[in-house]
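As written, the chains take the letters A, B and C, and residue 1 is the first residue of each chain.
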Amino acid sequence: MTATSDREQMAYVSSQAADARVNVELDTGDMTLNIGPQHPATHGTLRLACRLDGEQVVVAEPIMGYMHRGYEKLCEVRTYPQCTTLINRIDWLGSFANEVPFILAAERLMEVEAPPRAQWIRTILFELSRVANLALFLGDMGVQIGALTPVFFAFRDRERVLNQIEEVTGGRFHPNFDRIGGLKDDIPKGWVEETRSVMVKMRTFCDEMEDLLVGNEIFQARCRGVGVIPPEVALGYGLSGANLRASGVDWDLRRDANPGLAWDQVDWRVWTHPDGDSFARYWVRLQETREATHIVDQLLDGIPSGPIMAKVPRIIKVPAGEAYLSTENPLGEMGYYIVSKGDLGPFRVKIRTPSFNNISIVPWVMKGVYVPDVITILGSLYFILGDIDR
Amino acid sequence: MTDEAPAEETALPDEKREALLAHFSESLGESLVESHLQPHEDLWLRVTAESWQDSIRTVKSAGFEYFGFLSAIDWDIAPEGRYEDTEFDSGLEEEDDEPVEIDNSTGHGGGDSRFQILAQLYSLSRQVGLILKTDVGEDMTVETIRDVFPGADWHEREAHEMFGISFRGHPTLQPLYLPTEFEGHPLRKDFPLLARQVKPWPGVVDIEEIPEHLEAQLEAEVMAAFEANGGAS
Amino acid sequence: MTTLLALPYWQETGIKLGLALVVIPTTSLILVYLFLFKMMAFMQSRLGPNDTGPYGTLQLIAEAIKFLQKEDIHPAQADRRVFRMAPVVVLASTFLLYVVLPAGPDAVVEDLDTGVFYAMAVSSLSVLGILMAGWASANKYALLGGLRAAGQLIAYELPLILAVMGVVIQAETLNLQGIVEAQATGEIFGFGGIGNPFILTQFLAFLIFMIAAQAELTQTPFDMPVAETELVGGFHVEYTGFRFLLFFMAEFGTAFAFSALASVMFLGGWWIPGFDVDDNILNVLGPGVMLAKILLVAFFIFWVRFTYPRLREDQLQKFAWKVLIPLALANIVLTGIFKVVF
């Protein structure tokens, strides 16, 4: 079977790379190129061991673990409220969205339900982190392709969203705001209007990106037909989020498996693209960012009144049981499989991160592409290192 | 793919999952050891280790084409507990009426062995997910499912390095996260967490006390700020 | 042409050398650099370069100090001699370009009869330096960058020269001063009010020249040899401190020189369209006029650079061989026909 020989080749590449003899042999045959761990396109410390024939990639094998922090083990020795501190740091660009599925899973085990106002504000903050996270992607993709300007616009406008998140939670990056049974605090005065004006600005930002990149012939030439992932392959690898939807699979956990947040209360749509290439992934994320601003707008209109915290004991003990709960995070399906034994802390937490699955397709999709396409594909798959390594 | 029944109505029977359970009891037959249905939440199916790959295939052919994740559980009780400082913990027990009781069962679907493998799959057309489990026997080996779901490749590598479970038929069970020379399987319950052994975790009460020599100074500062604000607000 | 001053040969040579070695590159570098800083900062809403010090001028000093204080590192496996020579070779090609750039009727270092030919020849010398840097660094990224640069510069040298051919045919001279004269005294179908800036009659050639120059200068959208996000800087990835500064200076110096070439050949150089000014006054005004034209051309180069993404190497080659070269050839044929008919 060809798959086996490919695996052998990959093993060979990895062993070669492990020797770290990057600069030694420059023969006329294939060349091993280490992209990363310190490389501008790897958003941190992912390493791609590529075997090149000229500029064409023969095999590419991701090597990771440079940022493995052992969160699953650490969660086992902490109490539930303490776990959210760690969980914040998995996908550090959309931190609040990380907390939600964990808290929801714990709530499911405790059979507690947060009051509607808390669920509503959770959804708003969730979508705000999506906007902040995806805004950076929209600009960063430009840098991967070689256009410097979009990323500066992205940093500028993302800051507005982060300010809104900070105003509620007190943290720009790591809010640690979600509690079992509700939220830590209510939203401050005047926040709703400010957020609404920020959402208008973010829509302008989306239009700018559309003008700067989506409509650009060079961008299209670089992205169209590059890194095509057919839907059945995407499903088999467990791709999620915009990567899945860009392959034409109409699947969004916000709509199809809503765990009780306010998404079913507002009017929005799931964007898909039939092509499955890098351009489709960019396009879908752009539309999703815009859709998220509309979701936030609608949610802001209808925040119900009431308490933001349900009645929960001071010392949280979660009854024995198991629960898997996932939500549609900015990067894709983020889920927590919590096993509880009735203790103060979880017995086992399996963190199902979107980037881990999304990046596992790299060896498949990068066969035979050119070196510049490696960067395009890596950029369009959109991963966060903390999200892969945990 | 439009509106689903809202999840709050837990009183209603979960017909979708019950139908699934009935379907799989039939198609999996002997391989299905035990099952557990949590209405409107999830469905657990425990299959025999020998039929692991075939069961996955059967479930996939029934429409569960989306691979969520694969992982393992170590059901042993950690010998060190959660490394909590006994002083703090004992203080808590007094406050709290009922002491913490450790449940010794092996989760939904039951189990007979220390290690279990679980995989989560979705059926996109039914909008429902399920979790398959299997016991890992003494030989610590199960069949690989990377031929069924290519995405399981990395998950199996991870389970291999974290729990020491081997996957028959997997060609590259190299470590994914850990350095090549790393010894041991970190997510096993008997694997010590060194940082905690060196310094115990304060547990629930993790408020650091203000050092004595700073206390008076801080109090004065707070009072000064209070008075500067006019005393009232 | 009348001469403004009659100087002994050695004095003249001394002044020319001083100009070529110090004044022209430094002023051009600072100008382009400020221009780059300020405009880029404005376009990309960066704060630093527009806010540090009065009008952001301190940023320039900060950058210069940053480069100078950095350690000079040689990779262990590098071919040290070639590694050190490479940036000098690249910079030398820039210096040589300045020799023929006219800034006034007499304000030119060396008025060569085959100025165009010479400029095209020395400008392609830089690829040698880039290849040397890429090879000697003993780094795979640098090697890939060097090879990309070689492939790209060879592919774009051809449309560049073919585009210039149109101008040469129309001006009937290879001398850059002659080209300026031809534009000053020329007529467009009998109308001579503004002379004949070749950008009007050779617009296609101008476009091809600018695109090819963009590729020669390795500016976005043709910056694959440096490609920060892929090759982490390409051929100069291993260079630090002053050696990197040499590459940097060469990049912007060449950008200035190419803008100057474009303004000489297509915009009329030091000549002010529509005004009949005495040569002696033009010797004084010329540099200012040139500078204005150069900045205009450079503005377009950098505007494109900050706006566009990067092409892929194969797309770039296809564009050169399948679009630019046929177009440039068609332009030569058309120019020839018009030359014979009119």
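Operating definition for what follows: contacts are C-beta pairs under 8 Å (C-beta built on N, C-alpha and C of every residue); 3 or more make two chains touch, one makes a residue touch a chain.
Given the structure is predicted, the values throughout are model-derived calculations rather than measurements.
K.L.:
Name the graph shape formed by the protein chains and their touching pairs; answer line, ring, star, complete or other.
P.N.:
Per interface graph, the chains form a line.
K.L.:
Of every pair of chains, which is linked by the largest number of C-beta contacts?
P.N.:
The chain pair with the largest number of C-beta contacts is A-B.
K.L.:
Take the average of all CA coordinates in chain A, do the same for chain B, and state the distance between these two points in whole angstrom.
P.N.:
20
K.L.:
Roughly how far is chain A from chain C, going centre to centre by Cα mean, in whole Å?
P.N.:
The computed centroid separation for chain A versus chain C comes out at 44 Å.
K.L.:
Can you check how far apart chain B and chain C are, centre to centre, with Cα atoms defining each centre and the answer in Å?
P.N.:
62
K.L.:
Can you tell me which residues of chain B touch two or more of the remaining chains?
P.N.:
Where chain B is concerned, no single residue meets two or more other chains.
K.L.:
Can you list the residues on chain B that touch chain A in the complex?
P.N.:
So the residues of chain B in touch with chain A come to 1, 3-4, 6-8, 38, 41-42, 44, 65-69, 71, 73-74, 78, 82-83, 92, 95-96, 100-105, 107-108, 118, 120, 122, 124, 127, 129, 131, 149-151, 153-154, 162, 171-172, 174-180, 186-187, 191, 193, 196, 201, 203-204, 206.
K.L.:
What part of chain C is in contact with chain A in the complex they form?
P.N.:
43-46, 75, 77, 138-141, 143-144, 220-221, 223-224, 227-232, 306-315
K.L.:
Per the contact definition, I'd like the list of chain A residues that touch chain B in the complex.
P.N.:
4, 7-8, 10-11, 14, 18, 64-65, 68, 70, 72-74, 76-79, 82, 108, 113, 232-233, 235-239, 249-251, 255-260, 264, 315, 317, 320-324, 326, 333, 335, 337, 339, 341-345, 348, 350, 352, 356-357, 360-361, 364, 389
K.L.:
What residues of chain A sit close enough to touch chain C in their complex?
P.N.:
Within the complex, chain A touches chain C at residues 22-24, 26, 31, 33, 39-41, 55, 142-149, 152-153, 156, 212-213, 216, 218-219, 221-222, 370-375.
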